[in-house]
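Here chain A shows up in two complexes: once beside chain B, once beside chain C.
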Partner chain A sequence: MSETLLELKQLSLSYGGVHALEDISLRLPAGGITGLIGPNGAGKTSLFNVITGFSRPSRGEVHYAGQRIDGLPVPQIARQGIARTFQNLRVFPGMTVFDNVSIGALSQQRFGWRALWSRQQHSAQAVSAATWAALRRTGLDGLAFELAANLSYGKRKYLEIARALALQPGLLILDEPAAGLNDSETAALADFLGQLSQEGLSLLLVEHDLSLVKKICNHVLVLSSGRLLAEGSPEQVMRDPAVITSYLGSEEA
Partner chain B sequence: MLLAVLWLLLGWLDASYLYRLASMALVFGLLAASANLITGVAGMMTLGHAAFYGVGAYTSALLSSQYQFSPWLTLPLAGVTAALLGGLTAWLTRRLVNVHFAVATLGIGQAVYVTLLNWVDFTRGPMGITDIAPLSTASPAINLGLVMLVFLLCYLVLERTVHSYYGNALRALREDEQCVAAMGLDPAKLKIQVMVLGCFIAGLAGALWAYSTRYVSPGDFRFSESITILAMVVIGGLGSLPGAIMGALLLTLLPELLRSLGDYRMLVVGSIMFGFIMFLPKGLIGEYSALRVFRSHLKALEQS
Partner chain C sequence: MLDFFDVFLVQQLLNGLAQGLVYALIAIGFTLIFGVLNVVNFAHGEIYMLGAFAGLLAIQLLAPPAFAVLLLVAAAGLVLGVLLERVAFRPFRRFNDEASLKSKALREATLLSSLAISIITRELMQLYVGADMQSIPQAYLLMTPIQLGPLSIASGQVLIFVTALLMFLLLQWLLFRTRLGLSIRAVSNNRLGALHVGINVNHIIIATFAIGSLMGAVSGIVVGLYSGNIFPQMGFSPGIKAFVAMVMGGLDSIPGAVISAIVLGLCEALSTDFVSQGWSELISYGLLLITLLYFPRGLFGKKVERV
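And then the complex of A and B:
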């Protein structure tokens, strides 16, 4: 296996009395798509929040690309190369599609004040190039000057991904990317995520749709009541008796 | 260009009342434009903009009348004092949500007003500061021209800020602060920067006001002034720079044009404001239309 991209060491998180995460240790290799599954309230979003700095772990460490990142402020973790989307779709509705995506491009590329303060498309060519690249990558370039609020739900999901891609991350974290999409949209998304992975981007995603997980993920983590229940290839994990009783059994997959 | 025509026209009419009115419109134009940056663009609801305006006005008035500073030196100093207070406010409130920021600025507004009113030894309290030197000893027309010049410089800075990529970051801050952080930009930093710039310009506007009227008193910087400034921004269109200027023009000139109505004047002004909000909730020039105008070259460039 290739080198470790993300490593969690004995990670715990509690909200007051609730133990959202308990003693989680794992390594994520660079490249590939890792699926994170588990029943509602298992702590999947909490795990993402700890990795991206939105929550501070009560114990344990997070290492990304060889550097310890737990305790760092959210923007700094993002600039180190971890981009995320949110479970409850969050775009900037009052801004155009282009402007939405430019936010991702701004922080990654440290152009300094001159470029930041320049008019769009003039001297900050690198910002606009990165923005257009992310727009084309997600097929949103034709809608660049629409207000984000006017986009369909499916397009807004791509917009959120485009904004994250503009950051040029090393690791892209997606919280239920297929939620709310119909079958054909889900299939298209699966193809798209597969392509991103082939281009060398590492993905970590939460997904309830197990057939999607089987189709695109090469590694699966199972979380239950804040604990890491199992990990391995999709086939391995879904045959695991502990997983079947705790998760698959209850959801009838 | 428009300003030059206005200047020539006023010179031709040669009425000091009109000069006064024109400088008032310009000063409120700057106040509305800077409040628009903070509240309209970055989404930080400020209820104390008049405080930063007042700090600028008193800084320049005191420095020039008590310590004989040259007006041109006091202009930047007025801006810097107001910017320091604004930056400090933003730094202290950087983790608070928007409603709390609004109440904090309300508090700053009250604190500054009460200080101006009661620190009699320093500010001369309710009597205010009289006999402030004019910007220059040349004609009133020249003085108005100088006010226009400062206005223009500030406008250009704001125009660039609002329509640059940096402006995008500020709008994103208004839309979703957590998302901005997740995209690698520091919301606290953006908030402090935006308050420093907006309050610097409000401080400059205060200095211009002090030199145009040559008299300042605490009453000019009450809470109601902050609200008037906010109304200008909302009527013009939240987030829209040309809108803010139009809103300021409307709300400074309208009460003057309606002087003949006597006691009914403010009633009519109030009704007109109400009508604007009912029928043009996005303002005279909405943010989206304003951005489209300023960035119309964008599409052309993309096609080429």
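And then the complex of A and C:
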């Protein structure tokens, strides 16, 4: 296995008496697309929340690119290279597509407090270059000055990905990227994610569409009731009897 | 050309415009803060009042040139805004998850805490300086009439026009040309989205309070210099009018709030003269009622979902 990008060590998360995540240890290699599957309430979103710093784990550690990141504030983790998209899209509807994406690009620029008041000029070129690169990468460059609210649902998904890409992340976390897309849109998205991965970006995605997972993921993690039930290649995992009973079986039944 | 108009009418329109611009300056602060937090800041009128008193204090202690008074009040407004956020708003922002952001209970708690701070501030000021009007020293008063043909404008009104125009331009520059402005707009659009794109949401909220309160405080002293009187209750009525302007403008639209505020000011001035003094309040609230009944999203509200 290549070098480790993300490592979780004995990670637990509980709210009051409810254990959302229990004792999860895993390594995510750099490069490749990892799928995270599991029945509803298995803790997939909780795991994303812990990795991105949104929830603080009750126990355990999160390491990203060799650095411990649990306990860091969300914006800092985002700037360190873990970008995220959401199942319920969180674009900025009242801003142009360009401005949406440039927020990501700006965050990647290191400024002090003083730069808040200064014109964007000194970094304008870097920001605008990064923004345009992310827009072209997602095919949104023609819509740059459209308000995000006027985009179709599918385009808004790409906008969220563009905004995340502008952060120049090492790991892109996608929460149900194909939800709400039709078959041809899903196929286009699969191709797009495959290209991103080939360009060296590591992806971690939650997805309910198992055929999509089979198609694009080279590694699959299965969560059930907050525990890591199985991991391995998609074929391995989907043959695993424990997985079939807890997840696939229950779905097909 | 003025022959076509009744000079008296034009004069009243000018007075109304000045009044409307004051409401607009306050309403901008309201709208900015409502934008990032989705909560009404009821202590905003008290920032206006404290701005006026900070100016009076500066005049009494330092007797600086009038321009410096404005700068000092702006600085005071900045500090007051940061303090206000820390005391009345931050304690209710411990949770950042979606359920808490949408929680009516948390929103109402925040709203009531700002109302409490507003009442406490007003009462403390009454205890400390008394409820009476305090006079601005003669040398600083801006009541010199300036004749423009048949029209006469007080120098204070000119100051209001100039200050308002400057502040609108500065705000546009800030919101659309700086990184801070981009971040404020992002946080107003979607707080969680902004957080996950690397924006320190707390810093942005504090900065928004600082900017909004700066504008509120400056409008307080500008009105003080023009009217000559300041008192602890002075923030209440303009605060309510600015709130009405914000609601009429659609809650999240700064241009909407500004236009509504000017309309309010004009209507008040006209009703005072053509109907009677008592009608001016009634007309503002009547306008609010009509807006809410027939344009529930306000006159300029955007049709975008908010989180």
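The rule we apply is simple: the second predicted complex is superposed on the first by the 239 of 253 C-alpha atoms of A that agree within 3 Å, B and C clash if a C-alpha of one lies under 4 Å from a C-alpha of the other, contacts with A are read in each partner's own complex, and residues count from 1 in each chain.
Methods note: a residue touches a chain if its C-beta (ideal position, glycine included) is under 8 Å from a C-beta of that chain, and two chains touch if they have at least 3 such contacts.
Just so it is clear, the model here is predicted, and its values are computed rather than measured.
Asker: Check chain A with both chain B and chain C modelled on it and let me know: fit or clash.
Answerer: Clash: chain B and chain C overlap once superposed on chain A.
Asker: Report for A:Leu167: first if it touches chain B alone, second if chain C alone, otherwise both or neither.
Answerer: The answer is both, since A:Leu167 touches chain B and chain C.
Asker: Classify the contacts of A:His219 with the two partner chains as first (chain B alone), second (chain C alone), both, or neither.
Answerer: neither
Asker: Considering only the touch criterion stated at the top, classify A:Arg156 as touching first (chain B), second (chain C), both, or neither.
Answerer: neither
Asker: For A:Ala144, decide between first (touching chain B), second (touching chain C), both and neither.
Answerer: In the superposition, A:Ala144 touches chain B alone.
Asker: Given the touch rule stated above, what does A:Ser107 touch, chain B (first), chain C (second), both, or neither?
Answerer: In the superposition, A:Ser107 touches chain B and chain C alike.
Asker: Please work out whether A:Val74 is in contact with chain B alone, chain C alone, both, or neither, and reply first, second, both or neither.
Answerer: both
Asker: Scan A:Lys44 for contacts with chain B and chain C and give back first, second, both or neither.
Answerer: A:Lys44: touches no partner chain.
Asker: What part of chain A is shared between its chain B contacts and its chain C contacts?
Answerer: Dual-contact residues (chain A): 52, 54, 73-76, 78-79, 83-84, 86, 90-95, 99-100, 102-104, 106-108, 115-120, 163-164, 167.
Asker: Can you list the chain C residues touching chain A in their complex?
Answerer: Contact set of chain C toward chain A: 96-97, 177-180, 182-183, 185-186, 188-190, 192-201, 207, 252, 302-305, 307.
Asker: Within their complex, state which residues of chain A touch chain B.
Answerer: 52, 54, 73-76, 78-79, 83-84, 86, 90-96, 98-100, 102-104, 106-108, 115-121, 124, 127, 132, 144-145, 147, 163-164, 167
Asker: Touching residues of chain A toward chain C in the complex: what are they?
Answerer: Going by the criterion above, the answer is residues 52, 54, 73-76, 78-79, 83-84, 86, 90-95, 99-100, 102-104, 106-108, 111, 115-120, 149, 163-164, 167.
Asker: What residues of chain B sit close enough to touch chain A in their complex?
Answerer: 160-161, 163-166, 168-169, 171-172, 174-176, 178-187, 287-288, 291, 295, 297-299, 301-302
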